[in-house]
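Structures follow.
What follows is chain A paired twice: with chain B in the first complex and chain C in the second.
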Partner chain A sequence: MKKKKSRLNKRTGFILYFLMPAILLYLIIYAYPLINIFFTSFCEWNSKNFVAPRFLGWDHVFDNYRKIFTVDANFQRALINSIKWVILTMLIQIPWSVLVALVLSKRERGWRMTRNAFVIPNIISTAAIGLIFLNLYSPARGIVTEICNKIVPGSNVSVLANEKWAFWGVTFSFVLFGGSSCLLLMTQIFSIDPGIYEAAKVDGASSLQIDTRITLPLLRPMIGTVSVIAANYGLLLYNEIALISGGGPDNSTYSLSFYIYKTALGSQKLNFARANTAGVIQIFLGILLVGCINRLFHTKDGE
Partner chain B sequence: MSKRKKNGEHSEGGSRGAKIFRYFIMLLVMIVSVYPILWVFISSFKKNPGGLSLPDEWIFDGYVTIFTKLDIQTYFINSFIITIISTVISVAIVAMAAYVVARMKFFGRALVTLMFSTTLFIPSVSISFPIYRLLGDLGLKDTRAGVIFIYSGLGIAVTYFILQSYFSTIPKEMEEAAKIDGCGYTGTFVRIILPIAKPGLATAGIMAFLNNWNEFYFASILLKSPEKMTIPALLGQFTSAYSKNLNGMFSAIIVAVVPTIVIFCLLSETFVKSLTAGAVKG
Partner chain C sequence: MKNKVFSSILALAMTVSFVSAAGQTVLAADDGGDGLPSVTFTHGYYHDESEWAPAAEMRKIYQEFADMHKDEFTFNIVADQGGAEGIYNTALNDLSSGDFYDIADFGGWDITEAAAGAGAIMDLKPYLDADDDLKAGVGVCYDQNMTADGKIYSVREQVEGVGFWYNEALFKEAGAETPDMWKSWADFDAAVDKLVAAGISPFSMNAGWPTNILAAGYSQRDEASREFYAKGREIESFDDETFRQTTGFMQKNVLEKIDAAHFGPGGDDDNQYMLDFTSGDSAMLFNGVWAAGDFTDCEAGIENLKPALFPTDDGKKAGLLSGGCGYVVSDKLSDEQKEICVEFIKYMTSPEIAGRIVENGIGMVPSTAVDYEAAAGTVESPAGKLLVEACRTLNTADIKALGWGNNFGGDVEGEYQNKYAGLKDGSKSVDDVIKELDQALEAAQ
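So, the complex of A and B:
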């Protein structure tokens, strides 16, 4: 009896001691910062009272949220841009990845090499990708200006100097790189029972019909999963902006993440409370996005 | 029927038009994915980098500069130390928790899984300011230790899901046999479970390694002294500091990405497995 009890205690001790490091790490890196940004979003905290945040008072408790949506033009632009980038990843990256996955799953000669090439931009550092596109867009040494000059002589396009083009410049530095999504989709396609395809072929279905009537419907849950990952990437976009446009020209390519960085760390007029408010909004938007996409693709058993 | 399945390299047929379309898409993928890197590679040998043409004469100045004047080795060593240590710490810590959850029934078990799942919804940029302050208070700002600490906690959800599902597939008899032989809980975990779980640990480790190796945001805000920077942080500096030395910048990009590309090409099947395992949970 006693022996059993000591064994039980040992077991509890083991469980605690094995869980402790992970829980500590979670508390320090996730829980504490999360609680911190939530509470300080109701405080006044900027470069004037740098030392400690001061509660805004119950009458003004939502002041940061009110101001960020009404008077903070940079935040509003960042919010709109981030939403645009979410929509663009859904409209461009996802269909493009699905198309490539369908094509590569036909195993034409060279499919493996093409697949690997497609994945490379996703596994190298985004800092490198950013720097590459910064140079591609540069009027002095890039190729975009040169190509445009060949089509329309004397046009001298400067992608990053124009507000509208800079947005598209940032977009095309990531939106076509759907390699990881494509890998996941291909894994799913290859796991489909080949018997289904044989039956369809016997019935005389063309390969286009097979793709649209059989593969795509079966692929739907996985398209939902990759959409969540890709849309999240669009929502959180930071590296490409920091390296390519630096938020410019004239703050036109701010994203939510870039706004948070600029407001908390990277400018003269710091406003920590406001950056944390934007952080809370970003987290909320992320959860909303996952909910919407899951509903859209109606994945089974609440996955 | 089974012949086709075995012989995975062969195409599934289709009309001539379909084939042309497929090759066209594949060509497009190749251009989009490879051309930007190839362009930088070719440009890095030009006297004045950039433009569409091939170099008139091939110049290696950029590569010489980054190894002699810029000391890119230092940044590689920093990246390597930070990535290895943080990957080992995070995989070890998460493996311990994942094992306990996968194998033992206890109060609050579901809570641990929930805890790891919530990290998927907490983007690191949103919470970066409190983390930045905290590291400042701990005296870890601009230190490799601080970055290692943060990296150990990033991406733990993915590691957790991979490892937890892997541990659940190991037969229970293994542990029972160990217990009869007088192995304690910790002994069983270290000597029996970890060796069996090597493939799962490798999958999780590759994912964590890749993410930490490429991480840019925290590296760029935390590391300010050049001798402590990682490769991505160094690349970030090029937008301003070194932009006058174009050959150096182009060569540095190539030197920064080539190791990843080479390792990926050598181990592509392993990588593909890791990349798909890592994201299945979404």
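So, the complex of A and C:
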């Protein structure tokens, strides 16, 4: 018995020895920055004390949190926008990707070409996509203004100069591009046992019934996975905003990520403490989001 | 055996290259290896001559200084491929680890507050006070860059000189009085109305830079407005009658006078307002003197384009001159090295170099010693002549105010320009703008 225990300890030590580099990397790359972000959110840290963050003191410990929720209109707008983008991604991108995956999985003529066409926007850099949309929305040379002028002569719509339209302008630059999600979903569909489909067909099930009663339920864990990926994309949105709207007009297209950048490095005040406060809230939102989606799709159970 | 020999040779080669590289590093950091004191200067003029000719001229100017003093000290010159923004970002990282450039040109990116807070940069004021030539060379930078506690951490060899440009042919076509004849802002309004009536867009704007320029220009209209504007970063509230009038003017007399096609979203990529002017599609351009460089062979015809100053309602003429952050020197250097840096700044702001900067169409200089009349005679290119003319015109301004961003700070500038789109489409009133700006001021504290 003693011999067995000692062998087990040896084995555990051996495994730990090999895990050590990964643990160290995790601590340095993930854990340390996270702890740093968390603690500095309770500090004063800006251009005046750039090299030495100062603890706010126990009487004012939540000052940064209080300020961003009470007086910082840019943060409040960024928070609302980010939540809206998460919801829109879940409501538009995921159903759209599932629908395309279901259609393509029928392997009708030209399905490969359609699949490739659907995936192309996801392999183009977001920088290029941003520039494409910037040109589409340009009031001087963009096609959107031209189409609007054809429908309503003299309307001269300038998408990025109007607070309400600019939000949708940014949204449509990413929300329909579900190529990666579609690929994952198709892989899952193709891995379903063909015998199940054959049995359903023998029983006289229609194509719609097969999709709704067999494919979709079996696809549920993967829908959960792509939902987590897509919702996180919506929550962390930055590139499209930086390239297309620059957060404007009137900061109406701020996201949490964009707010963090602008507050820390995009401002002469270099307010790292407040940016990190927003970072902490973004992390908690992300955890909450993953938890909710997992619960919704039971992806933890691997159903 | 073969493998062993190969491994030994490889190991030897690596050791030799490591030792020689380390030696080189030590050499560069120390003193150039010749016993002379050494200073490294970093700048953002990295562009190839074919891409941007002024960059090559600036590098030449720097090199001439290094060559001139090669027997006294080693002056290393490094071009940062990231430009002034790259230098700023590197400086932020360096500050965190307690380092700073020996001397760098920050090209308008203001590092001084963070660097001074960290005790990393030297106060140039004692040197400026001790040398009248140096003080004359830095011109407006002396007052503009002085901090509340009386220190000057940065000076520049160039200033952002801003008035506006107009297309004389379009004004004549519309039968409007040209800006050189304007006596007040009522003349501006009358000219704009005539241009609009003639189907000519009076100007092309965006939610940013050009609109800020006009707002700053209009803010110099009378004593009360100038007084409020001069408070700059000390302003505690925008709820002021003169500011209310400025914003009302921007809404009714400027933004509502142009269609959506002549109003862009702003941002670094939004240069449509420039293209509209150079193509002859708009009659006025609110931009700095350096815009002359884009007028060569333009569709509007360079001969039709003229520089102008802003009118005021009390018979004066106004221009915007902003120094901003330029040369910043590390406080960790030895006294000898600091002297070298000051010598370099003195060289860069000397009348001779200032003249070259103007004549080569690089920009406007703060130096009060430049003879623009003489410079006009030596310049040959039409764009260069126009630049000299624009600098000369700005120099004659009765009122020389800071630009919007330098006056109120980048954050307030950003917040204000965010409101232009709402003011234009009527979704925001002047009161809304003032309320939101005050909220932003409160949030920034």
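The working rule: the second predicted complex is superposed on the first by the 269 of 303 C-alpha atoms of A that agree within 3 Å, B and C clash if a C-alpha of one lies under 4 Å from a C-alpha of the other, contacts with A are read in each partner's own complex, and residues count from 1 in each chain.
In the analysis below, a contact is a pair of C-beta atoms (placed from the backbone, for glycine too) under 8 Å apart; a residue touches a chain by one contact, two chains touch by 3 or more.
Fair warning: this is a prediction, and the values are worked out from it, not measured in the lab.
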Contacts of A:Asn49 with chain B and chain C, given as first, second, both or neither: second
Chain B versus chain C as contact partner of A:Pro121, first or second or both or neither: first
Partner chain in contact with A:Leu134 - chain B first, chain C second, else both or neither: both
Contacts of A:Ile15 with chain B and chain C, given as first, second, both or neither: first
Chain A residues touched by each partner, larger count belonging to chain B or chain C: B
Touching partner for A:Gly246 - first (chain B), second (chain C), both, neither: both
Which of chain B and chain C A:Phe62 touches, first, second, both or neither: neither
Overlap of chain C and chain B interfaces on chain A (superposed complexes): 134, 138, 140, 246, 265
Residues of chain A defined as touching chain C within the complex: 47-51, 67, 71-74, 134, 138-140, 145, 156-158, 160-163, 166, 245-246, 248-251, 265, 267-270
Footprint of chain B on chain A - complex, ascending: 10-12, 14-15, 18-19, 21-23, 25-26, 28-30, 32-34, 36-37, 40, 99-100, 103-104, 106-112, 114-121, 123-136, 138, 140-143, 146-147, 176-177, 179-180, 183-184, 187, 194, 198, 206-208, 225-226, 228-229, 232, 236, 238-239, 242-243, 246, 257, 260-261, 264-265, 272, 275-276, 278-280, 282-283, 286-287, 290, 303
For the chain C and chain A complex, residues of the former touching the latter: 89, 92, 95-96, 98, 110, 113-114, 117-118, 207, 259-261, 263-267, 269, 272, 275-276, 409-411, 414, 418-422, 424-425, 427-428, 436, 439-440, 442-444
Parts of chain B lying in touch with chain A, wherever the complex brings them together: 1, 4-5, 8-15, 18-19, 21-23, 25-26, 29-30, 32-34, 36-37, 39-40, 43, 48-52, 90, 93-94, 96-97, 99-100, 104, 106, 112, 115-116, 118-119, 121-123, 125-132, 134, 150, 152-154, 156, 184-186, 189, 210, 213-214, 216-217, 220-221, 231-233, 235-236, 238-239, 246, 249-250, 253, 256-257, 260-261, 264-265, 268, 271-272, 275-276, 279-280, 282
